[in-house]
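Please find the structures below.
Next come two complexes, and both contain chain A; in the first it sits with chain B, in the second with chain C.
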Partner chain A sequence: MYKCSKESLGALLSAINEKYALYVPKKHGEGSVSSFEAYGDGENMYLSGITDRGIKELFFPQCEEIARFVTANGAFGVKETAVKSGYNVIFGARACDIKGLQTLDLVFLAEPEDRLYKSRREAGIVVSLSCGEPSETCFCTCFGVDPSKSGDIAAIGTDGAYYFEILTEKGRLLIPELSSVCKTTDDDIEAERDKIRAKAALMPAALAAKDLPDKKTDELFDLPVWDKLSAHCLGCGTCTYLCPTCQCYDIKDSKTADGAARCRFWDSCMYSDFTKMSAGQPRLTQKERYRQRFMHKLVYFKENQGIYGCVGCGRCVRKCPASAHMIKVIKELGKADERHT
Partner chain B sequence: MQKQNGTELKNKAKQLLQNKTVDRVAGFCAGEFAYDPSPCVFYSAEEIEENMIYDCFCSPNFSKFLVKETKKPGRIAVFMKPCDTYSLNQLITEHKIDKDKIYIAGIGCDGMVDVFKLRNKTGSAILKASCDNGALTVKTPDGDMTFAFDEVLAERCLVCKSKKHVYYDELLCEPSFETDTGRFDKVEQIEKMSADARYEFFRSELSKCIRCNACRDACPACTCETCVFGESSSGAESRENANEFEEKLFHIIRAYHVAGRCTDCGECSRVCPQRIPLHLLNRKFILDINRFYGVYQAGETVGQIPPLTDKNESDPEV
Partner chain C sequence: MNAIHDPLVPQVCVIREIITETPDVKTFHITAENGEKPFDHLPGQCAMLSIPCEGEAMFSITSPMDSDRLEFSVKRCGSFTNRLHDAAPGEKILVRGPYGRPFPVSDFENEDLLFIAGGIGLAPVRSVIDSCLDRREKYGKIRIIYGARSYPDLVFKDSLFGKWKEADNTEVFVTVDRGGDGWSGHVGFVPQYVSEVCNDCKPVVILCGPPVMIKFTLAELTKLGFEKYRVYTTLEMKMKCGIGKCGRCNIGSKYVCRDGPVFRLDELEELPDEY
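And then the complex of A and B:
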């Protein structure tokens, strides 16, 4: 384990930034939202809370070109977007967002592998930062997330210092930079970690969501409560676009000067034209779309992949314009459990 | 701060159900946190007693939601802040809401809290919050904090255009007036920028857009059955964000489409997860309309003809 003073974090990040593309959480002033950006001059870093936008977009961008079709001299060619080589570093990721990546892995790294996602995943060295200031909307502990330790390297902030514990082989790549600024130490920081875990588990959202629905699709699908929960859903894509685990996308070709570009971009199951086919959208009303999203996170994904499709980051809880959020769904489905038993 | 408290509203709601003025009441259900009430429809006095609340976090504008609600049989009662009634008038004018199916009880308002602003101020978890006597008290893990109301009010409330209800069946507060709180100041400031600086301001703000469409979906002036940005054959689908131009196209087209009909209710900026000051585009159009055609407030009365629909010899474009 490595230890450095709080003041020398800048020196460490600058050292990393010299060798790798480095992304850190930033917030430009009070009115602005926080998100991960290139380290640059290291100004406006935001380390005290969860960011408004997570790290998903660094691995699965909102829009990316996947191929180009070119016609030249009467010949037609397909050019797949090249995969970038070399490592990059993401510093300050929260454990919930990193659990989100593990959720995306189950989808994108299953056969057939998504080569663009895979390349970014392999290139990304993720340094987590312990969540010392959880929000009332945090409920990651309900999904087995450890807010004090995650990623390739786990950083934890204590009163005067940062500790760095290397958790994976990939994390070892940063040993030269860590050694240049930090000292190795045998300090026992487990008590600090326990404090962070205990604080997160006591957040109101974590307490409200502790009884996750453990029912099968058949038992939850037709519950009348879906009408009430979805009644004021606006049908916007805020929850899906801020979610660390939402992975649906659409593909579209557009004209270029010498052919066409194929782009893929985030889609949202909340939209009325999601998966629209010649026969129409299979989910006709907002209730069905709303139910799809929450059932996917809490039931289908678990049935198919073994883990929940929610990581408890609380972004949808904070940002839903109609407050028709995950905690309310979990609690209502929990009541459904009581009714059934 | 809200002028009527939850108990007064509950009693009124129960009374309206009991005397059969309406068969359901729209209001707010308590949320999971201090600040996340859900819009709800209540059918019985018991439901009202159990779940209905009203406080300084009950921000959503109920008018658009009545478009769907009034397609159902029966009559619905709604408590409305002054600003909501402008949107309502506009929707009645556009034949989107049948006024025989609504019963509007006007409630006084001194503004609603902006939770994002509040979160910036507290810097830690908001465990409880209550508004009282012009101040907001918040319980956090680090202790209680108190804020003067104008420190945490939403921008749209700080520059409130009117405390006057322009539509109501019954007024639960004292009648009040339009206000002048300098809501065009920021627009005028932007107008004074150089063209390049102005372009850069909007480019930088709009480039934050993630195309979630929340602004459109919350906007009471956006009531098209099918939006051009939700129709794949239009070539401008609701989600594509292929380049920065797409975002600007979306917001500028939307601003033009609601020009003359936008009442400046501010829902667009309230719901934006990226905190883009979308209302500034709309306000610029409102200010231009005021200058070119005389002061005009959309939604002031039912049946008014918007200057962009009307044509007169005195119009500057003639």
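And then the complex of A and C:
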């Protein structure tokens, strides 16, 4: 265990930033969108709450090139885009976002592995920051997230200090930097963690794992309540873009000087184009698209992977312009369970 | 240019030959640049075809598993298929695959087989038929029922009225929705024709065609007492990755690109009604 004073955090991050590309949560003034950015001069760090945009984009960027085609001057060749090597550090990640990564792993690291995601995952050293002040829209405990401890290194802030506990082999890579600024300590921080867990247990969203749907797929799929739940959905896709577990992507080409670049982009099941073929459209209205998104998170993903595809970060609750969010869906499907049993 | 390891990155291939099947269907014969088959495949599997900046889409492989080329029969119906139809032999094309769960042809051994197809739905079925005919002794009686809108819309006429018709212990039944255009054979829809042809036999069924035809044919087969676990069909959804990761071709918890496109009727009935 390592310990530094709150004032020394900047020195520690600067030391890490000397050796690694370092990303930290930042917010440029009230009303701006908070997200993870390069540490830079360390200004505008935002450590007091969950960021609007999570850490997903550091591992699965909104747009990335996968290949180049050279088609000029009679040539016709394909070049696979190289992956970057070397470690980088993400400081200040919340446990819900880290659970989001573990959820993405189940998709992208399953055979055949996604080489671009895998390389970023292997390169990323994730330092979590304990989440002591859950927002009124948080419900991570519903999905078994421990907001006090996560990542390769778990950082916890107390009244005057930060403690750092190394949890993985990869976390050990930062021992030189931690040693240069922190003292080692035998302080017991479980009591501090328990305080955080106790606060988390009082999350106002008041959902419990027992509220989650556990009915047959067909019954949930055919529930009439989908009409009501989806009635105000605008199909804007905000929920999917901010979701730590949404991984749907599109593949498209763009012209380059001597051919084309093939890139993949985040896509959204909330968009009508998502499933539209020249042969037809299997999800005709927003109701079908809305149902797909929530059935995937709460039913299909669990069938395939054994866990839910939601981590309770609450971003969709905070940002949905129509308030057609996950908590409402869980409550309605939970009610459906009671009606059936 | 360099080795390809990423399943999303295609290899450069060449269109060797283009057969005009109908006014809106062409069959493309494709090999790698060195003339070899780009990869091995099993009947029912698919591959992604693309042309830089023109699009990429999934097509079923219509050639049999032992063929030395990949053949794709493509109906002109959208922007990318329009571009493909304008291609000429010798043109380069990008290919990746094979994708999906094939028809379990080894499970079909010693069975009588009934192939039912409508329109361009004969494309994936042709791969199974020709693969079985290449090992004719392993299979029982083969019946093929095929329907299209009209005589000019029938694909693979050479096989329908030549190779398949002449094969051992094989019967071919062709019907069109609308007579004329020089057609003197059966006129009517596929589902009704099935009950005429297969009243008292219960072969393994391989069914592929437009959704409405599949729906009515499945109802007919159920009425005739076919067992669900002996009826196979294929599903179609929009696809981007082909490997169960881009998230768009799922029906319930199944991804058509990875868990399909071939499904047994009993498996199909487990899925939510979204296909």
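As a convention for this text, the second predicted complex is superposed on the first by the 334 of 341 C-alpha atoms of A that agree within 3 Å, B and C clash if a C-alpha of one lies under 4 Å from a C-alpha of the other, contacts with A are read in each partner's own complex, and residues count from 1 in each chain.
Methods note: a contact is a pair of C-beta atoms (placed from the backbone, for glycine too) under 8 Å apart; a residue touches a chain by one contact, two chains touch by 3 or more.
What you see is a predicted model, and the numbers here were worked out from it, not measured in a lab.
*Asks:* Report for A:Ser135: first if it touches chain B alone, second if chain C alone, otherwise both or neither.
*Replies:* Touch partner of A:Ser135: chain B, not chain C.
*Asks:* Which holds for A:Lys118: it touches chain B only (first), chain C only (second), both, or neither?
*Replies:* neither
*Asks:* After superposition on the shared chain, which partner residues are touched by A:Ile66: those of chain B (first), chain C (second), both, or neither?
*Replies:* second
*Asks:* Could you tell me if A:Tyr300 is touching chain B, chain C, both of them or neither one (first, second, both, neither)?
*Replies:* second
*Asks:* So, A:Phe221: does it touch chain B (first), chain C (second), both, or neither?
*Replies:* second
*Asks:* Is A:Lys276 contacted by the first partner chain B, the second partner chain C, both or neither?
*Replies:* both
*Asks:* Look at A:Ile327 in the shared chain and tell me whether it touches chain B only, chain C only, both, or neither; answer first, second, both or neither.
*Replies:* After superposition on chain A, A:Ile327 lies in contact with chain B alone.
*Asks:* Under the stated touch criterion, which partner chain does A:Lys255 make contact with: chain B (first), chain C (second), both, or neither?
*Replies:* A:Lys255: touches chain C, not chain B.
*Asks:* For A:Phe76, select first, second, both or neither according to whether it touches chain B, chain C, the two together, or no partner.
*Replies:* Once the two structures are laid over each other on A, A:Phe76 reaches chain C alone.
*Asks:* Intersection of chain A residues contacting chain B with those contacting chain C?
*Replies:* Shared contact residues on chain A: 250, 254, 267, 276.
*Asks:* For chain A, which residues are in contact with chain B within the complex?
*Replies:* Of all residues in chain A, those touching chain B are 30-33, 48-49, 52, 62-63, 133-138, 199, 203-205, 208, 228, 231-232, 234-238, 240-242, 250, 252, 254, 263, 265-268, 271-273, 276, 317-319, 321-325, 327-328, 331.
*Asks:* Give the list of chain B residues in touch with chain A in this complex.
*Replies:* Listed in rising order, the residues are 31-33, 36-41, 60, 65, 115, 117, 119-120, 123-127, 141, 208, 210-214, 216-218, 230-232, 237-242, 270-271, 273-275.
*Asks:* State the interface residues of chain A toward chain C in the complex, per the touch definition above.
*Replies:* 66-67, 69-71, 76-80, 107-108, 110, 112, 114-116, 217-218, 221-222, 247-251, 253-255, 259-260, 262, 264, 267, 269, 274-280, 282-283, 288, 292, 295-296, 299-301, 303-304
*Asks:* So in the complex, which bits of chain C are touching chain A?
*Replies:* Counting only chain C, the residues touching chain A are 1-12, 52-54, 56, 77-79, 81, 92, 94, 211, 236-238, 240-241, 243-248, 250-253, 272-275.
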